[in-house]
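These are the structures in question, set out in turn.
In what follows, subunit A forms one complex with subunit B and a second complex with subunit C.
Moving on, here comes the complex of A and B:
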């Protein structure tokens, strides 16, 4: 199963290609993989985050499908 | 599943009375009345927005005066009360719904559900995530403007407004974290507050960020 994955801000360092940057990368996961399993597989830190799937807010329990666009954004403090 | 908020029809850019009437009838909720929220509130009132919901649990402290829309003679006052006084000095007729409380996922929705646009303007990263996650999941038809990355003194030109998802507009450079030791400067904080206020105004006038 192929998805496009974009990691914003400091999370971009966890892209497997090590190149950083917020642009989406094509990645392959087993069919039936849910978002929380992607987060675990990438080793993302347990920090506040917001998840979007195909341009809409999504929960970590959602199971991904072929061609999905997953984006994860970590807010940083200051206001 | 809705496709996100429905933007009001765009108005003619040169018809000032109609533009002002649209804003006068509008309601913006601001969660957090510190550096972002107090300044955004002032800009919205000066722009003619007729109704604001203001939410903040805190009182005015000396350390706030370097960037927030408060004054030395307001020290110790609840921020929502001090801000209400200042906003009414600009527009005595502005309608203000003020709530002195610390929002949670359980309490936030009733406070903001009647607004046309919701602005996240808190300081902590975990509170920002809670607000964004709760509002986007519970009120998918409401536009939400949030901020992330405004600390330090990197270029103000790095602060931008982006549409990250349907109905979700994000302001900031996304990286400058106050917890990394960056100071907060009024010039950069107010730049981010202006972006938040302007994103709300553009949505209300029918011109959301693409």
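Moving on, here comes the complex of A and C:
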């Protein structure tokens, strides 16, 4: 199963290719993988985060599907 | 007893007067509102001598309260036609409060339209008007240099000024306030208050606070303890302690684009393909690279006493200061909304607005409307800059751009004009962030994101979670945030303290503890919220007298008919729900003895 993964702000350093940057990367996971398993595999720090799946908020328990775009942000705000 | 300085621009007199006893708990937005409500007839010409321009630090301005140095500027708005409080960072609020001024009230207007005046307020509270006709037409940066040349060596001071747009009575003109380094780059931007200042013949204000100390609290021990708890909460929360200092406000560009709520191409789409190129992460990396190291230009407070430090300086390719930030709203307005994908080009437009004295939100939104007319293509940064500067010639037909998005859209026959109460919408599409639609529609200020920032619960998961794409809960969320914001604006706090305050109960408690221990008066959570309701009640009643009705509390129709990609949503909060936001006003008005 292929998904697009984008990590933002200081989470971008956790991209497995080590290249940083916010552009989405194509990644392959076993069918049935849920968001929390992706987070665990990436080794993201244990802190609150904001997760968008295809542009909508998603819980970490959600199971990913082929072609999904997963974007993860640390807590951010501004205005 | 608190004092304020009254400046009569008709007769060129200045004098101190006491703040009326019934306003002893009012500062900042509450005080500017109270004065405008009492002194400016609702049918007054905003650009005539009957309008009154008020500058006020918050109730806790001039103290050691963390992030407590914001400035409220109030008047009747020449853009909206209603009451206006425009809020700015910079050093002026602390300077005014430290020398003992709760406000500066500017009345009347100079009959001689060629006359320009500088109001000089010394640290000993002596004040005078100096004639500076030769400064006519100068940009804010040059005015800052002229003021510097007038000041004695070793002085410490803050400046407030208008550029050519304010002098030209442009309805999108803002008022510049100097930052800790003296750059005139913080703005009371919205609502055309620069034109009010220009209409009075007042080109600038300088406030010296040399030798002035922070104001003394009534109960020092409790006050210091509460400020420490508050400061700790601001540093502990991930948003105010890490995200904002590291990336600044522009950290929002990527997340709003991801959520489909970043207005792009004059509100035609909710995502911008080049969001990352104009976002906070790219901005930080560029500033650090051009400055040669971290910690040089990439994080500082816009006023002393700030512990969040979300400000930054944009450096040009040669490593020289160009402008502030740019802040998120500016990166959005000139960036995504105009489809300009280069931060240097955005910074050039930001600098031009800073010098001319124009609101960057209104100008970006206006240039996007102008591009939508076909006059210049989207993405044309050079064309946008030329159109922006064209207003320097009063006879150029593009001068109307300085009057904002609505005036420009009508003049150039554009169908989609994103305004409420004649003021342009900021950087969150109300179809994808429905709570912001409620705030835009109902705010007494016209479309204003700061009035009730529902992006917190809608997008950022701060202070709870409310689905941004659904109408449920949005009116209640907006109402509560509008009340809380009016309170924070009156105490003089930066509204970014709301992020930890919404999540950390001790941070909210610290606000009334600081207020109570500083003033020596009884304050609690209920009293703070009552202050917010009183502020909104004055504003609402004023706007009613100025002719606003429920029909003015609506978004432009296209937000209900034109689906916004990528979620293909429209704004669905009902009119009935919008009309519940100010349901507390009649009761609060009775409590206040207002009709």
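As a convention for this text, the second predicted complex is superposed on the first by the 75 of 79 C-alpha atoms of A that agree within 3 Å, B and C clash if a C-alpha of one lies under 4 Å from a C-alpha of the other, contacts with A are read in each partner's own complex, and residues count from 1 in each chain.
Keep in mind that, in the parts below, contacts are C-beta pairs under 8 Å (C-beta built on N, C-alpha and C of every residue); 3 or more make two chains touch, one makes a residue touch a chain.
Remember, it's a predicted structure, so these values are computed and weren't measured experimentally.
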- Query: Touching A:50 in the superposition: subunit B (first), subunit C (second), both, neither?
  - Reply: both
- Task: Please work out whether A:23 is in contact with subunit B alone, subunit C alone, both, or neither, and reply first, second, both or neither.
- Result: second
- Message: Quick check for you: in the superposed arrangement, does A:59 touch first (subunit B), second (subunit C), both or neither?
- Response: first
- Task: Identify the partner contact of A:73: answer first if only subunit B is touched, second if only subunit C is, both if each is, neither if none is.
- Result: both
- Item | Set intersection of subunit A contacts, subunit C complex versus subunit B complex | 8-10, 47-48, 50, 52, 55-57, 71, 73-79
- subunit C contact footprint on subunit A (complex, rising order): 6, 8-10, 12, 21-23, 47-48, 50, 52, 55-57, 71, 73-79
- Note on the structure: Counting only contacts in the complex, subunit C reaches subunit A at residues 237-239, 242-244, 246-252, 254-255, 258-260, 271, 276, 279-281, 310, 327-329, 449-450, 453, 455-456, 459-462, 465, 467-469, 495-496, 499, 566-567
- Item | In the complex with subunit B, residue positions of subunit A that touch it | 8-10, 47-50, 52, 55-57, 59, 71, 73-79
- Message: Touching residues of subunit B toward subunit A in the complex: what are they?
- Response: 1, 4, 32, 34-37, 121-126, 128-130, 132-133, 136-137, 140, 146-151, 164-166, 168, 170, 172, 174-179, 182, 184, 189
